[in-house]
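One chain, subunit A, appears in both complexes that follow, with subunit B as partner in the first and subunit C in the second.
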Partner chain A sequence: MKPGGMRLPRGFWRLFALPGVLWLVAFFVVPFYAIAAVAMGRLDPLFGTSAPVWNPIEWDTTILTDVLSDIAGGGIFQTVFFRTCLYVVIAVAMCLLIGYPVAYYIARHGGRLKVLLLLLVIAPFWINYLMRMLAWINVLQDDGYVNRILMFVGLLDAPRSWLDGQPSTVVLGLVYGYIPFLILPLYAALDRIDQRLIEAARDLGASSWRAFTKVTLPLSKQGILAGSVIITLPMFGDYYTPDLLSQSPRTSMFGNQIDFFIHSGTGEATGATLALVLSGFVSLLMIYYLVSVARSSREASS
Partner chain B sequence: MNWLRNPWSRPRVLALVTWLYILWSIVPVIIAIQFSFNAGRSRSAWQGFSLRWYTGDPDLSVLHNAALREAMGQSLKLAVLTMLIATPIGVALALGLARWRGPGAKASNFLMLFPLVTPEIVMGVALFLVFVYLFKFIDLGTEAQLLGHITFSISYVVIVVRGRLFTIGREFEEAALDLGASPVQALRLVLLPMLAPAIFASLMIVFAISIDDFVISAFLQGGAESTTVPVLLYSTARNAPTPNLNAIATLLLVFSMLAIGIAISLQRRGGRGKGEAVESFARLEI
Partner chain C sequence: MPTHRRSGGWGRRSIDRRQFLKETAGTAVAVSSLGALMAACGNDGSPSRSVAAIEVASPENPVTLDLFDDNPSIDSGLEPEAGPLRIFNWSEYIWLRVVKDFEEEFGVEVEITTFQNMSEGVAKLRAGGTDFDVFFPTIDQVPKLVAAKLLQPLNLSYVPNLKANVWPDLVDPFYDQGSRYTVPYTTYTTGVAYRTDMVSEDVGSRTNPYDIFWDSQYSGKVGIYDDYREVMSMIMLRNGHTDINTGDPEILEETKQDLLSLIDDVRVKTTIDGAYSGLPEGKFAVHQAWSGDMIASPFYMPRGEDPSVLRYWTPPDGRGSVGNDLISIPRSSQNPVLAHLFLNYMLDNDVAFKNFSWNGYQPPITAMDPATLVSDGYVLETLESAIVLPQNVSRGYRQLALLPEVDARWQSIWSEFKAGA
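So, the complex of A and B:
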């Protein structure tokens, strides 16, 4: 004890963390365990309903192996899984193509308008996702603005049914829905770059394109990666975008399968298994991301 | 070739892309808001201005339709309760994680980050199954939805408050302790007042993410009476072709924009300029 001053009692700060940690254990860790318990539990022989098994020694992995071999061996889950990957990859690529120039412009050339531009880019964050989809449902209807404009300029002869199982509509919906979440980390990464590095490259005779590809782009790599991960994770679990913009099994994504089986009454074990597979896959992506962050920060320090 | 002579002049193409992007991202929503004021039943053909879908229509307006009114009530109830419960838990957790050194601190920090990276559908399934099979004393419906909302909100509070804690540092509370304050006094008289802007911003952010949540509310819904506005939008967007849906979505938008506006201006009061507040807000979401 220092003279004249109190010291904090042992465990003072730990006590503060306790309620939150207990909460997360009870309502995050335990529920996660429940997924495994249901996925590898028993099925009621009479009704086919799920009965969770809480003891891991008694876990039965039949459904898990079935689902995994279905994904590996060309079953329905493989079709859906590959379709989901394809949609996500195209959507993320499009988000980057649109989002990078926007983030770059705001970070480098925003000037007096920077705050306004940022506010406009943040706005979609706080507009409900489903409202943003509802907005597109309005304009994409057969007699909606999109068809009327396209017919007016002569690109379409007759109204196109956009909301009728079109993969392109679903992918554009994903881009529209998630792109703000990519622009912000990109902006943060580009804004952190020391302007003097780019000026130095230009002073040493690099063209502005070369300065961009040799300095700005490599320095924003972490932002690109972080932003892509931030939008990839929720996209893999999305089921409402295809539900709202297409309603057709032709565009069904992995999340739709989980949603369907969990609410089907007898398919809870399959639904839980799919959720488990999804979390495994997403964890792999996360680990890849964390390893690459660690590697590049090691490179930066050496 | 103006840009060759002056490479720092504004690139016109980038400016064009940026403004087109902003138009694309906002115009459909503005059109949706416009149609909430449509006098007719169409959501795609403009038939004149009216407040029919807010207050006028005796059966279908937000004010008079029981389903819409109850959904709005459920959304607001969940958002307010979540805000009031998740914020204190999150503030305490942020204090604990920022100051606590010892076994378990690192693991707890890790645990706090997990809800932020777990796809919502996985969390929805997990909570659904745990309430159905393990915590059977909690019924699906409002109670389960509230517990779910608090769970995903806590981590956001931690991120907001911890950011502020790092900028404050430990000197102030140590000075208070050295001057003879008890730990509780140091906390109450020194640290909490300095954290006040971050705490109020957290309240608003939790309100906004709770009122906007769809997946957790949908998975933990008990019956028609626990339908929230986003759940209602999801289930009727394709089958109920009147603009009353646009009207209730617009109201939801007003509530979350209000909350976020207050949060940003509070960050501003916390000693930052307007631009800085917006920028730090932009970063905060990462």
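So, the complex of A and C:
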């Protein structure tokens, strides 16, 4: 208590959380509840469209159980779900492989150019995602620059068709779209590492590589986790990367399924159910992340 | 319900003389579309439990839509209101210049609201927030809209152009005998579009031209519409089944196998703009097409390229898929007399020609002689097969409303295809 200061009521500072809480309730809890109300709602008898049911007691869980058993039991949703997981895992791995060195370089060796380099990493984001993907379509055409350069260099004999339902193109699109979201938190984490710790390791006889693996890498673990979470969650729901870079059902991701059902007129409840299932799955990942953060901060403070 | 050829899902890519980019569906996946449902929750969705069974109209089973006492048409001889006239249409389906001419002729303002697919349009109409004066439904929605009393019956004394200018088959159509609630807007056929510089054969001379979609020599360059009704009915026609609204399990199974084989055999792509945009750009060699898309397609050819490579095939005796769109007046219209006059205006010969020159989709106007459409420059000579003939309407096969169980089976086949499973 500050001497001579005003006595503030208990919980005064907690009130500052109020705008955030209201925001979360209005823009997260309520829409989420609306999705659940549609997923477990009823069909309008005349138009066949889904109508939300607001009272949880009246919720009809048949579609939810159907979808879950489909995912568990090898149905079409399971195929899409596994495919999405595969793409996301590969994309996140590639993002880390490419993004970590970039973040490391900027943090540890950027020097005076640090701000400029960060700016260059963020610069593509001044143009929105859709436009950048359209640019990629242009570049990946049969007679586009990618094919031309690869053929000129000799890596390709004939133009490769990048856009006809290739999973590799979709994964590359995901990597391209989300990698800056990984680089920035990773950079922040790496930047925070005390230079003296690394110097101490070197002084104690560690080679550069061992200093990296034993000191830098473990200390950046939280950054890796944070960056991975930031990109993994939206990647699961991504639907316009496959939609733009390959309009083929071969690369259909979970987000495409949600989009398809929501717009199908009579399948809105299924689409809402899929959205719920995706949210549930992604929440599990989120909980893992939060637990891990809590545990590591407890370790750090103890 | 079927997606319409103008439905864009997340957004169409339009270039050239039409707007460049429509709104993107953005990053909100499921939640954004829930807004419409939240609005609908005010009415709690259903207007009533349907007591009368909705009859499925077909050319063999013409249907006269019911009139209700509590939903009367307007009286004759009234003066038009001051407006503004609110049009609710597919996006980019009516030429703004034509709308502007209406504004000048009648001295009123017109506001256009658009929808991307029929379910969005119907949902908004049911939500009742805005009082639209003109609405463009599809044939399969009309019985439901009439039963829900969302459309008002027409007073045809305001619409003399209907009997005067329109094809007789569509003045008294099977889906709305006596044109009680609707007038026709455009007609179209569904066929196969291809480029002669990428397809060296004459598609029409094949024994079964539809087979070209499964021809692996065009692998990677084949497109079909992202519309389960269009694609599955095309497969049924390919296999010789003329009932393209069937629920027969054997036919559906055969259709499903053919559909799934497209994924790996030709690496098929599903689009909604592939015919008028992707094909001229060279992204496709073969694409399923609506006749209206092909008539408009020369305008999407990249500069300097020759549009005469674009071709369209549809069964020459008219025995292919045919359809037409409608104009109607919602019950809650605040300017019903003006709306009727708008319907009459759209069926005027000059206006119809003008709209056609931009739209590409052919209005069923008798003055529109297929023979002169080419010589007058409305249609490229190489795309003459995209002109819809009056006899197509009676001879062609219609995509009609499906019974819910049948629709569910169609949709589950389509969703299996879309999942790439």
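Observations
Everything that follows uses one rule, which is that the second predicted complex is superposed on the first by the 271 of 302 C-alpha atoms of A that agree within 3 Å, B and C clash if a C-alpha of one lies under 4 Å from a C-alpha of the other, contacts with A are read in each partner's own complex, and residues count from 1 in each chain.
Operating definition for what follows: contacts are C-beta pairs under 8 Å (C-beta built on N, C-alpha and C of every residue); 3 or more make two chains touch, one makes a residue touch a chain.
All figures in this text were calculated on a predicted structure; none of them were measured in a lab.
In the superposed pair of complexes, A:D164 makes contact with subunit C only, with no contact to subunit B. When the two structures are aligned on the shared chain, A:Q247 is found in touch with subunit B and with subunit C.
After overlaying the two complexes on the shared chain, residue contacts for A:P124 are found with subunit B alone; subunit C is out of touch. Counted by residues of subunit A touched, the larger count belongs to B, out of subunit B and subunit C. In the superposition on chain A, A:D70 contacts neither subunit B nor subunit C. When the two structures are aligned on the shared chain, A:D60 is found in touch with neither subunit B nor subunit C. Residue contacts after overlaying the shared chain place A:G267 against subunit C, while subunit B stays out of touching range.
Of the two partner chains placed by superposition, only subunit B is touched by A:I230; subunit C is not. By the touch criterion stated above, A:Y239 is placed in contact with subunit B and with subunit C alike. Residues 31, 34-35, 38, 50, 52, 129-130, 134, 141, 163, 234, 237, 239-240, 243, 247, 255, 258-259, 262, 268, 271-272, 275 of subunit A touch subunit B in one complex and subunit C in the other. Interface residues of subunit A, counted against subunit C in their complex, comprise 31, 34-35, 38, 42, 44-52, 54, 75-77, 79-80, 83, 129-130, 134, 141, 161, 163-165, 234, 237, 239-240, 243, 246-252, 255-268, 271-272, 274-275. Of all the residues in subunit B, the ones that touch subunit A in their complex are 3, 7, 10-11, 14-15, 17-18, 21-22, 24-26, 28-29, 31-32, 35, 42-45, 89-90, 92-93, 95-97, 99-100, 102, 104-105, 108, 111-112, 114-115, 117-123, 125-130, 133-134, 147-148, 150-151, 154, 158, 177-183, 208, 212, 214-215, 219, 229-230, 233-234, 237-238, 245-246, 249, 252-253, 256-257, 259-260, 274-275, 278-279, 281-283, 285-286.
Chain contact summary for the complex, subunit A toward subunit B: residues 2, 4-9, 12-21, 23-25, 27-32, 34-35, 37-38, 50, 52, 98-99, 101-102, 104-106, 109, 111, 114-115, 117-139, 141, 143-145, 163, 176, 179-181, 184-185, 187-188, 191, 202, 208, 226, 230, 233-234, 236-240, 243-244, 247, 255, 258-259, 262, 268, 271-272, 275, 278-279, 282, 286.
Taken in their complex, subunit C has these residues touching subunit A: 1-3, 7, 9-10, 13, 21, 24-25, 27, 29-31, 33-34, 37-38, 40-41, 44-50, 54, 117-119, 122-123, 126, 144, 147-148, 219-221, 223, 226, 263-264, 267-271, 283, 404, 407-408, 411, 415-421.
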